[in-house]
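What follows is a set of structures to go through.
In what comes next, chain A is part of two complexes: it sits with chain B in the first one and with chain C in the second one.
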Partner chain A sequence: MSSVSNTTTISSVGAPNRRNTELLMLLFAVAIPVLAYANVGLAKNGSVPAGMLGYGLGLGLIAGVAHVMVRKFAPYADPLMLPIATLLNGLGLVLIYRLDLEPSITTKALGGPRAPGQLMWSALAVALFVAVLVFLKDHRILQRYTYISGVAALLLLVAPMFFPAVNGSKLWIIIPGLGSIQPGEFAKIILAIFFSGYLMVKRDALALASRRFMGLYLPRGRDLGPILVIWALSMMILVVETDLGSTLLYFGLFVVMLYVATERTSWIVFGLLLAAGGATVVGLTSPHVKVRVDQWLNPFAGIAQHGATEAAQVMWSFGSGGVLGSGLGQGYSRLIGGIGVKSDYILATVGEELGLCGLMAILLLYGLLVERGVRTALAARDPFGKLLAIGLSSAMALQVFVVAGGVTGLIPLTGMTMPFLAQGGSSVVANWALVAILLRISDTARRPAPAPASSPDAEPTQVVRL
Partner chain B sequence: MNKPLRRVAIFCGLLIFALLLRDNWIQFVEADSLKNDTHNRRVQIEEYAKPRGDIIVDGKAVTGHTTTSGSDFKYKRTYTDGPMWAPVTGFASQAFGTTMLEGVEDKILTGDDDRLFFNRTIDMLTGKQQQGGDVVTTLNAKAQAAAFNGLGNKKGAVAAINPQTGAILALASTPSYDPASIAGNSTQDSQNWTKLVNDPNQPMLNRALRQTYPPGSTFKIVTAAAALDNGLYSNIDTPTDSPLPYTLPGTSTVLNNEGDIPCKNATLMVALQYSCNTVFGKIGADLGQSKMLAEAKKFGFDSTTDTPVRTVASNFDSKTMYPSQTALSSIGQFDTAATPLQMAMVAGAVADDGKLMQPYMVDQLRAPNLSVVDQTSPKQMSQAMTPETAQKLQQMMENVVNKGTGTMAQIPGVTVGGKTGTAQHGVANSALPYAWFISYAKTDQGSPVAVAVVVEDGNANRDDISGGGLAAPIAKSVMEAVLNK
Partner chain C sequence: MSELTLTVMRLGFLAVLWLFVIVAVQVIRSDLFGTKVTQRAARRAESGQRPPQQRQQAAPAPQRQQNRQRRGAPSKLVVTEGSLTGTTVALQGQTITLGRAHDSTIVLDDDYASSRHARIYPDRDGQWIVEDLGSTNGTYLDRARLTTPTPIPPGAPIRIGKTVIELRK
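Entry: the complex of A and B
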């Protein structure tokens, strides 16, 4: 792949499949979290934690199974995504374990220790990852379920409205006695499938059959309809479920895919205008969103009157970490308090204990993961695959931006979790599935074309004796 | 479709890049200000994560530490004789910060001071916990006890210094408080804090350094020094030109003396012995405001002093006064106000032949390994008066103790000079006056101690409040404590 322009890798000469590269990097991806785990134990208790062997074996097993299955079912898949996902997942487990050691944020009311549950969810997630690789032989099968996906996504998005709000946001489906799931995490994948299928069919109509209006190409009403429906829905979700982050994610995903499908810049302008308008209205009217915006603008306001906000605590966490960080287990991100330390705010712990260097490394890992996804989109040979790959990758990028931007105070904070890193079962399961689909697309894209069948014409004419 | 794909790739790259930039901003550019934000609890956690160094008096620590559990803070400050030493140590509280020496020398005590960098590095390399340094004070435990016990239940303050060096020997303020009672961050500590803050008697006020009182007649020492230095009178035994009664210049108000005392044309010696308001009021008016102000400033008035705990400035008005007001100011009334330490400095300057030494209470700062990182060397602040003037004033002040208003301060076998003061204050002088006594003791090696005592006692019988009666015995016991050492 030396030439960027030659991204369609149709070649009968088998490109190296890079599975051994993947294995080597997986070794690092397992070793780094295991060492980090030991580091936490040494810092907190002065000894290597007792569960280290089990943890190392568990993570190694997860990575090993995933690798073997990729080798068998997607041998030409991108070699970087699995190690990156494993590393992030492993570090996430270490960070959650580390925060579990702080009694003040591991009370019964806050759900007790979270690491064991997260490990279980990770195992489940990899099981789903394997299942996707095994059963999804070709990503184009998903195209058949375009409209079913549309409906499913809608249901997933609407469902939380009928459940009580948790911490001001209606993001959860609560199953009494079993726990809760965050359907939004799954919705982003299913929405990407729907958009890909829909836009693949409609792209020509959207791109060409348009009227020019004030320098912009506007599509016909009948093509625009479903798009406006999606916009209205995401705005409705924002209003009813008061979740700015998810809205940004879904709508951003939609605009990106629309742009890629139609190659028309006017869609971006149109999309941004709609998004900005909607966000402004909601920001001004919804009290929950307003509070978030106020805290974003003035994280240190009112400390004298009612103590430090979580936003202020998070800022102090980052600042106290400095360039090199305090070292794992030696920070005070527990001071953030509340329910979000292990999930929404986990990056603050990264920033404080691993420092600027550690956090930049983590962000670059996400960047790398996203760019591998975009690379897959470039390499994919079918428009559906291209659209799906870019959709999933940009969803990941947007989510990382919204979460990390929110926590670091670049944009207002929203209730979403960092893929792989943060505590949360739905998130880890959905993101492993996302990676599985990307691997499937990349496997298809990089798989060498079957050797051409021997053409009868090329053979010397044989005399057939009768 | 690849062209928009590449653009999206760039867009995703920009998102990550924006995050990296933001991260650099908060973790590098802004990191220090966030890290050291006073509301950032890590600051206190770090501070109390290791035992603080100690504040040392006479070779013994008056502070200590204890470990606490169930709190963010591992170590808590303890105090030996907390109320007695509170004006010196101040408090180091997990919840309420630090004051006085605990505050000024905080970095030494926590070990964070730059001068302890080497020790810190060694500790880090050898894996030892960072240790705090010690603050060795100049205070004298016996003198401090004498001062604190002398004040007893009365409200007041004592400051004692060594006139030859400026070293502070005693610094007492009553009513006091126990800094140990607010050292933690428990509910009990909060309740104690609220009680102390709301107490009308202001137990946390360091009266010796931070409260000014009208000095009353004790200020006549400064006025006498001004008269002699400026040549208004050159001999303390020749009669002054002082009418009795004395009408304040430019007014019809008559200045009176306390009782029927021989003040008409009295010599300076006699005038100080009987504490004649008329004589010294007229001196002030005759010299004028600028000369009086210059003299007061030479004694340290109108500026703060870092001991290193900062004092408030004592006041002699520099804004234009009428001659009548200058006259009243010169007998320590009107706007004139002084801290007890300031008045101890006045007595000290007289005792040490006019040399005013910079008062200080930290002798050494010591690293945890006991090596000295800072040694205070005595420093002269000013020549408050000529040595001749000082010697004349010594005669006058010793005369006060021998046969004047200060006989209660006599110590057998020791030369003591002193001056009483009873300062009127309040609207129309209705409030109970403050009783002052300033004095020094002298041996053949010069003067080892000068002391100022002020008592503001709401419980005392008004007639009993006089410098000689209430304050002089306390000054005497402090001087004895220093002398018998």
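Entry: the complex of A and C
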């Protein structure tokens, strides 16, 4: 303890630079998907797949470039985030490759094999990751763009309205000939930047200048106004676009960040009330959501009349996996109908082929990634970095909760992608960028403080020595 | 492929996956057990056991404390209760100010503390003196509210709001 301050300082005792640990973990993280790849090949064709070397080298190259760049541009960053992201991304690639081997779900109409595209998107994502590390020298630069981020997030959310709906949701910006991007994935990062920049400035006003009403603290309208406007607009857009998962994600992000910034429990109460109200209204009015809720409440209803719902099929696949799973390449996830087997329902394949045991390991990996993010927030010295780190990691946590909860039947199913694991270019790119920002904050937070210059008049005021 | 090979691969893969999780947790173990925050917590536990002893010791023998004072002057000031628990300040002959003001030596984050609450300074003989600086809620030495600058017997708790400070060797 070298200074007396009001805030808790959390710093580790050992050397903060742990790049060699990261390298070892990264090798491990590349080896596991290669093993999984061999596993799939042996189970499906009885031989090690031909592309294994190339695939392993490709993943290794991506990870290696990322590691060298972290070593150069963020030498004190957290040692675990990059290996965990690499492992999840690699496992996702293997799972998509494995599902590509099923002819019935790799038809032309469904887009053919998805693994090569996903590998390309992963490479692109790591390129963006490197770009963020190189060009974002200090995360506090983002603070200058608080209101620009707010507007940009809104534009990103509005944009898909002008494009045709895909599968009942208007989520995509479709560029003819190039493909489609899902701006909502990027909007979550940009919205987190806006919330942190705004709340950092206004948190004292929000927490203290408030009226007490029925035991709850109500802040003044002028403090709350801008944030409420942004929030309400994004909610409206999302409801119009019927993207329920993202609505839940942004709403949760909003509540978490307000709570963290103001330390007022009343925000949680407000948040839960508003969420309950909103969910009821949307559930009663929107037909798209109504179907989802019905399927969630009664997944097995009407199987005799019109076949099993996707929700029921997913549950069967979890059940058939059991505790230890059927083994990679030996499950029957091809039987899950619809278009989401490789994206929304990828956890069902994990649950069937790796079993409860493997699913728990995957969820723990997400938990560790989020934990590193929260840890970064605790260690960050500037309030903007703290809020941004907590915002980004809670966005990741909420997304995992919404997807995993939806697939396992805890909450109604909403179309969202599992970060890193599921097929989907925008999702991979956005999540790698998210990890890059977290690494940048953690590099700043864990960097050892420069030794203070000794000044002659320091002696009378310099007191604390331990 | 034989059934056995596939079973071995299936279980082997799960084992490797879990090994990664366990190794990852080992990597961050230093966060859980090696940070300075945990050290603070340990001191808090230690000080939690201490107050009964102090009470026994403080009441019967003020004279013995006087003797102890001559043998060795206290070398550090320790915060034993309150939000700053575990903080130590070396006593090097300088005046220590306590209060909510940001330029205090020990900045108290305590609703019951005044901005310039008290100061602790050595007199000419090296005896440490605590003086209340006209605080709203008072400074307590042992149980008594301070009215004048008072010498601090070693081990006697000085209470300011929720914060308790001791001088130790």
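Criterion: the second predicted complex is superposed on the first by the 435 of 466 C-alpha atoms of A that agree within 3 Å, B and C clash if a C-alpha of one lies under 4 Å from a C-alpha of the other, contacts with A are read in each partner's own complex, and residues count from 1 in each chain.
Throughout what follows, a residue touches a chain if its C-beta (ideal position, glycine included) is under 8 Å from a C-beta of that chain, and two chains touch if they have at least 3 such contacts.
Note that this is a predicted model, so its numbers are computed, not measured.
In the superposition on chain A, contact is made by A:Ala29 with chain C only, not with chain B. By the touch criterion defined above, A:Thr106 lies against neither chain B nor chain C after alignment on the C-alpha atoms of chain A.
When the shared chain is aligned, chain C comes close enough to touch A:Gly327, but chain B does not. With both structures placed on the common chain, the touch criterion links A:Leu364 to chain B and to chain C. After overlaying the two complexes on the shared chain, residue contacts for A:Gly405 are found with chain B alone; chain C is out of touch.
By the document's definition of touching, of the two partners only chain B reaches A:Ala308; chain C does not. Residue contacts after overlaying the shared chain place A:Ser149 against neither chain B nor chain C. By the touch criterion defined above, A:Gly355 lies against chain B and chain C together after alignment on the C-alpha atoms of chain A.
Once the two complexes are overlaid on chain A, the chain A residues touched by chain B in the first and by chain C in the second are 355, 364, 371. Per the touch definition, chain A reaches chain C in the complex via residues 1, 4-6, 8-14, 18, 21, 25, 28-29, 31-32, 35-36, 38-39, 42-43, 46, 79-80, 83-84, 87, 324-328, 330, 354-355, 357-358, 361-362, 364-365, 368, 371-372, 375, 460-461, 463-466.
Residues 1-9, 11-13, 15-16, 18-20, 22-24, 26-28, 30-35, 37, 39-42, 45 of chain B are the ones touching chain A in the complex.
Put simply, chain C touches chain A in their complex at residues 1, 5-7, 9-14, 16-18, 20-21, 23-25, 27-28, 30-31, 34-37, 40, 83-84, 86-90, 92, 94, 96, 105-107, 109. Of all residues in chain A, those touching chain B in their complex are 7, 256, 259-261, 263, 300, 303, 308, 312, 315-316, 318-323, 332, 335, 351, 355-356, 359-360, 363-364, 366-367, 370-371, 374, 377-378, 383, 386-387, 390, 393-394, 397-398, 400-401, 404-405, 408-410.
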